[in-house]
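The same subunit A turns up in both complexes below, where it pairs with subunit B and then with subunit C.
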Partner chain A sequence: MAPRRSAGGSGAEMAAGGRAARGAAAAQSVCMVSDFFYPNMGGVESHIYQLSQCLIERGHKVLVVTHAYGGRRGVRYLSNGLKVYYLPLRVMYNQSTATTLFHSLPLLRCIFLRERVSVVHAHSSFSAMAHDALFHAKTMGLRTVFTDHSLFGFADVSSVLTNKLLTVSLCDTNHIICVSYTSKENTVLRAALDPRIVSVIPNAVDPTDFTPDPSRRDDGTVTIVVVSRLVYRKGIDLLSGIIPELCQKYPELHFLVGGEGPKRIVLEEVRERYQLHDRVRLLGALEHQDVRNVLVQGHIFLNTSLTEAFCMAIVEAASCGLQVVSTKVGGIPEVLPENLIILCEPSVKSLCDGLEKAIAQLRSGTLPSPEAVHNKVKTFYTWRDVAERTEKVYERVAGEKVLPMNERLDRLISHCGPVTGYIFALLAVLNFLFLVFLRWMTPDSIIDVAIDATGPKGAWTKQYFSGKKGRVKEEPPIS
Partner chain B sequence: MQSQERPFRSASGEPLALRRRQHSASCRELALRRPRLQLRSLSAVTSAVWLAAYGVFVLSENSMVLSAAIFITLVGLIIYLHFVKIDQESLLVIGSLGIQLTSSYASGKESTTFIEMSRVKDVVINEAIYMQKVIYYLCILLKDPQDPQGVSEVVPLFQSSQPRLDCLMEVYKSCQEILDQRKEAPQSSGIK
Partner chain C sequence: VCAQVETSPRRCWQKVLYERQPFPDNYVDQRFLEELRKNVHARQYQYWAVVFESGAVVQQLCSVCVFVVTWWYMDAGVLSPQGLFGAALVSSLLGYVLFDAIDAGVGRRESGRTRWADLKSTLVFIAFTYGFSPVLKTLTESISTDTIYAMSVFMLLGHLIFFDYGANAAIVSSTLSLNMAIFASVCLASRLPRSLHAFVMVTFAMQIFALWPMLQKKLKARTPRCYVAVTVLFALAALAGLASVSSVGAVLFASLLLSISCLCPYCLIRLQQLKDNIHGPWDEAEIKEDLSRFL
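Presenting the complex of A and B:
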C-alpha cells in the first residue's frame, strides 16, 4: 500500500523556502523508530507518517525504522523521499518485536551512523523496538525523544511490569511527548518522571480527508455510527447494551458499526437475539480511506472507549460534521469543545441518555450544520502545527547534553529502585562493551554515509520520479 | 587501450583495487581485485587445526585423528580455493552486445555469466540489509519480457568483494556512459 501524498501542491515551495531560511545549523536528522508503521494500519502508524512528512516539509531529514512486514523488508522510499528501513527482526507478539536489548544494536548503529542521525524519536510504549532504539541511542550518545500514544493502568501485573520497563527506558531520555494532558499525567506517574521534560502535543487529523457530505445521509432515519476496533478496551460490551435498548425506543434508529475484532461475536449475538439484522449493520474491517465514506452516512457518532489517551476517531467524526457522543474517560474531555461533544459516564444508562439527548437535538434541528462543524474542527488539529511543536522539542533537545556513561548509571541506579536499577545498569555497561566491540570490528570510518534523499531538494526529486513510475529501485544522482 | 587502477575499500574494510580498461568507446572492462590469500592466515588456520587434532590425539590415543586432520586441511584448502575464495570479479560492458560478469577463483577457475543487452533494463545502485549491515550494492535490472516497464530480475554485482559507495559510483558512471550511448542511438547499436 502506498500512503497518499500528504499536503497540497504548496508543499514543495514551502519546503524549499523553509530549508533556505533555516540554514543547515538547525536542521535535524531525525530517526523515527517504532514497531508500528505502514503497511500495518492504525493511529501510531499514520501519526509517524504524517509527522515525518510535515517535518520534511520544514526542511529536516527524516527516516523511519521499523521491522519487516512479510515480504516488505529492506529499504523503501515513500513520498518526498521519506526513507523507511524494514529491519528483518523477529516479530513476537502483536506486531511487536522480541527484545533482547542487544541483537538490534549492530543494525541500528549502522543506520544511525550512515544517516548521521542527531535525534532518535521513538514511538509507542508497546513497541519493543522503540525501547531498544532508545537504549542503543543513549549508549551511542545520541539525543532521544519518546512519544507515548497510550494510557496504562497501575493495578494489574502486566501494567506493573510495563510501567517498570517504562521507568527504566524513560529515566534518561531527553524529552517525552504525550498526546494529551491526561496522558502526560499518566506517563509522569507511571514512569516517575520530572514533568518539566514532558510536553503535550496532540494528534492531528488531515481535515481534507474528512469532509462532510450531508447528501449521503438518509434523513428519514437516524443513523448512529461506531468506528473502532471491536475489542474490550473500546467498550464494545457497553455498545451491546445500548443497541437493544435504543432500538426498542426509536423504531427509525439504525446502527452502522465499522471495525473488526474479538468482540464482534458479542454484537452478532445481540443482533441475533433482538432480530435487528436490518437495523444494525456490521461492516467489518475498514481501510483508512473508507472510514470517511462510512462516517458521512451517519448523524451521530458514538464512542464507547473505556480508556483513551487522545481519541482520533471523535475528531475525524466531528470533522465530517457528526454530533459526537462519547464516554468521559482519559484525554477525551480535552479533545473537543463542549458544544461539539456530549460526554457521558462509561455506563449503558448514561450513554443512552446522551444519545437520546443527541437524537432530540437532531429532531428539533438545533444541531449546527455539518459544514459549520467541519470549518470549526479543521482549525483545531493540523499536522503542520504538530510538526512545528515537535520541532521546538527537537530544538530544545539539541541544546541539552546527553548523559555520559557514569551519570547514566547513577541515574539508573538512583531512579529505578535497587534491584532493577542495578540490573539495567549492568545491561547498559554490557551494551556499551558490545558497542566498543562493534566499533573495533567495523570502525565508524568504513560505514558509508547514505545519500540524503529527503525533501524536494534531496537527491530523489519529483521530476526524476515522474518519468519512471512503477519502478521499484532508485538510482543515486548522476553528478 | 587505456588502463588505470585505483585503490578502494570494501564494506568490511578490506583493500580492493579497481582496474578500468577502455577497449573502445563502447567497450569497457571493470575489474575488482581482492587481496590474495595470505600465507599468514593460511598457516594460522592450518596450525590451529593440527594443534586441535593433536590435542584430541593425546586424549584419545588414536592416530587416525592425525591423518584425518591432514586430510581435512587439504580437502578444505582445495574447496576453499576452488569454490569460495574469489580473487577477482570483473564486468565487461559492450554497448552493442551485452554485459559479461566473470568471477575468478583463487584456484584459477572462472565462472562467467553473460547478459544480452536487449535484456538489460538498467544498471543501478541499491541499498540492502546484508548480515548486520546496511550496504550499497550495484545491480543489473533485467527487463520483463511480458511488461516492458517492469523488472523481472535483479542481478547483484560484485557480491563477494562488496565495494564501498565511492567505488560503486565509479563503476556506475562507467556503465551509464555506455548504456547512454545505447539509448541515444538504438539503431546504430544493432547489428551492422
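Presenting the complex of A and C:
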C-alpha cells in the first residue's frame, strides 16, 4: 500500500464517533470488494465502477478493493478520486483469488480501519475475495451488503457445494441486492434467505453512450447484430443453426457478430460450409467503446443466451434503437417492455420465427423509429437511479445492528445445517481470535487514517465538483 | 393475482424492472416464487415394476455364480469337459431356436443376418478356441495362482459393474463388460488340468456371458411372464449349485439376491419421496435440438 499521511491523527474510535454524530442518513464510507474490477472487463466490473462514481457524486466516500492484475498493484486513483486497492493476492481460477478465510484478514482489516469503512459492499458470488471480505467485516463488526450478479442452478454437485457456501456467506449478511426478480428468487432459494432482506436493483446502462445513428445502417439489406462472448452459455450453438436457416430464406440478410470465445470455430465452420463469407462478418473481441459503433450498423439485435440474470446487451441494443429478439430465459422478460422485444423459446425454430417476425415488421415499416425507441429506453435504467436505490439500502443497513459474536454463531449453526454450521462457527471463532491477535500486534489506535480523496470532506471532491453541476463524466478509468 | 386492486388505489405489482413501481425494492409480492416447480423430472415408481426390472441384475449375478461353480466342478474333476460341452451345446441350440421363435423371426428379418452367417461365425470361433486352447492352458503358467484368482475376481466384478442393465448411464459399456468376463474366463481356464478343459471353459463363458443375456433381453421384452419364471428358476439353480459347494456362500448369496430384488426397490421408492428438485426460470436452458445437421 502506498504510504499516506495521517489526516488529523484521529483514531478509529473517533472515526466511529464522528459517524454516529452524523446520524443514520449521513454519508457512508463504502468499501466495494470484488475480484472483478478494471482492467478486467465485464458486467460486474462496470457495475462497480459506475455505481461508485454515482455514489461519490452523491457525497459518499467510496473505495474499491480488488486483487492485483499483473503489474497493477498497490493503490490507484481513478476519476473523481475513486481509490482502488489492488491487493497482492494470488489468483486461483478465472480471475478469482483463493480463499482460506484467514490470509486476507490483516490486509483487509488495515484497509477497513485506515479508510474508516462503515459498509462493506461485496460483489459477485464467484468472487472468493468478496466472500472473504464479508466474513472479516462481520468479525470486525461492520455492516455488510452483497450484490449477486448471476444465476446458478441446483442440479449438479458443484452447484450444491457453491450454494452451501453461499448460504454460509449470506446467512448473517445485513442486506443482499439482486439485479432482477428472477435473480432474487434464485438467490433466496440458493442461500435459504428471508426475501425481505433482498432488494432488487437492476443494472443500468449509460444512455449517452448508446445513441442511435440510422445513417450508419445500410437500408438495402437487413442486418442482424449479435454482440456477446462466444461461449456455450450465450447460446452460440443456436446461432450456428439460425444463420444458415435464415440466410437461405432471405438473400439480403446479413449477420454482424461481435465477440470472441471458444465457440467462434462453430460459427466459422457454418460460414465455410454455406459459403456466407460476404454475409456473416465475425468482428472478434470488441472494446467497450466500439460496441455502440457495431450496434448502430444493424436493424435487429439477436440475443441467444441460455441463462442471464439481467441482460445489459439487450438494453444497450434497444438504446441504440434496434429491434431486440431474445430467448426467454432468466431475468430477460423483466428487462424490456413487450413492444420493444420479441421473446422466443431457446430453440432454432422459435428464434427464427421471432427474427422473421422482426424482419416482416421492418419491411412493412411498422417498427418505431430508432430515436423513439432510444428516448423511451433511456428513461428505464440510469446509474443515478441505481445509486439512489443502493443508498437507501445503505441507510437501512446503517440502522440495523451487527450481530454480536454469540448471535452470529447461533445463526451459523441454525441456518447452515449441523455439519457445515459447526465447521463455519468454529472458523468464525478462529477468525475472531486472529483478529484479537492482530489488534494486540498493532492496536487500532496506531493505524493511520488515510487521506480522504472522495466523500463529504474529501480532498478531491471539493475542487472537482465546485464548478460542476452536470452528470459525472463516466469515462473509462485512467490506467 | 392482485387482491388489493379494488380495495386500494395502489397499482398491482408487476414483475418488471423497466418501470419504477410504488413499492420498496425489497418488496415481496404474493407472486414471489410462483414459477417455482418441484420434481419436474422425478418419476413415480411402482414397487413390482422395480422388482421386475431388478431381474436383470439378479440374472447377471446368477450367471457369474453359475460360471464360477461350473469352473469349480471342472477344477475338482467332478464335471467332465465332454459332459459340459454336450450340455452347453444342447442348451445353446435350444436357445437359438427359442431366440427366433419368440418374435417369430421378426428380429432376424430386420437385422438381415442369415443362418449361414451364424453357423460360419460359430465354426470360426470354435475352431480358433480349440486351436489356441493349448496356448491358453500354458499362457499364465508363470503367474501365481493367487494373482490369477484375484484378477478373475476383479474382472468379474468389473463385468457386473459395466454390464448394460438397461440404464442410460455413462458408466455402461457392454463391450468392456464382455471383455472383462472373457478375460476372467481365460484366467480361470488356464488353471484347469488339460487344454480340452480350457477350451470348454472359454466356450461356456461365451455362451453364458454373451449369448444368454441376448436371449434374456428378448424374453423380457416379449414374454415378461416367462422371463420372471426363467429368472426365478435360474436363480434357484445357481443357489443349488452354490449350496453344493459352500452352504455359507449359498446363504450369503441368497440374501444378496433377496436384498437386490426386494429391499433395494423398497429403499428406492422410499427415498424417492424425499426428492426435492427445484426448477424455475433461472435454470440454464437446454438445447434440445440436434444442431449437428447444420454442420
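Convention: the second predicted complex is superposed on the first by the 432 of 479 C-alpha atoms of A that agree within 3 Å, B and C clash if a C-alpha of one lies under 4 Å from a C-alpha of the other, contacts with A are read in each partner's own complex, and residues count from 1 in each chain.
Assume contacts are C-beta pairs under 8 Å (C-beta built on N, C-alpha and C of every residue); 3 or more make two chains touch, one makes a residue touch a chain.
Computed from a predicted structure; not experimentally measured.
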Contacts of A:Val348 with subunit B and subunit C, given as first, second, both or neither: second
First (subunit B), second (subunit C), both or neither touched by A:Phe154: second
Comparing the two partners subunit B and subunit C, which touches a greater set of residues in subunit A: C
Which superposed partner A:Ser199 touches (first subunit B, second subunit C, both, neither): second
Partner chain(s) touched by A:Arg73 [first = subunit B, second = subunit C, both, neither]: first
First (subunit B), second (subunit C), both or neither touched by A:Leu336: second
Touched partner set for A:Tyr85, first subunit B, second subunit C, both or neither: first
Subunit B versus subunit C as contact partner of A:Val419, first or second or both or neither: neither
Shared contact residues on subunit A - subunit B and subunit C: none
Subunit A-facing residues of subunit C, complex: 15-20, 24-26, 28, 32-33, 35-36, 277-289, 291, 294-295
Contacting residues of subunit A [partner subunit B, same complex]: 73-75, 85, 87-88, 106-107, 110-111, 114, 442-443, 446-450, 470-476, 478
Subunit B residues touching subunit A - in the complex, by the definition given at the top: 9, 11-13, 122, 124-129, 132-136, 139, 141, 149-151, 154, 164-165, 169, 172-173, 176
For the subunit A and subunit C complex, residues of the former touching the latter: 151-155, 175, 180-183, 185-186, 188-189, 195-202, 233, 235, 237-238, 240-241, 244-245, 266, 269-270, 273, 306-307, 309-310, 327, 329-331, 333-337, 346-349, 380-381, 385, 389, 392-393
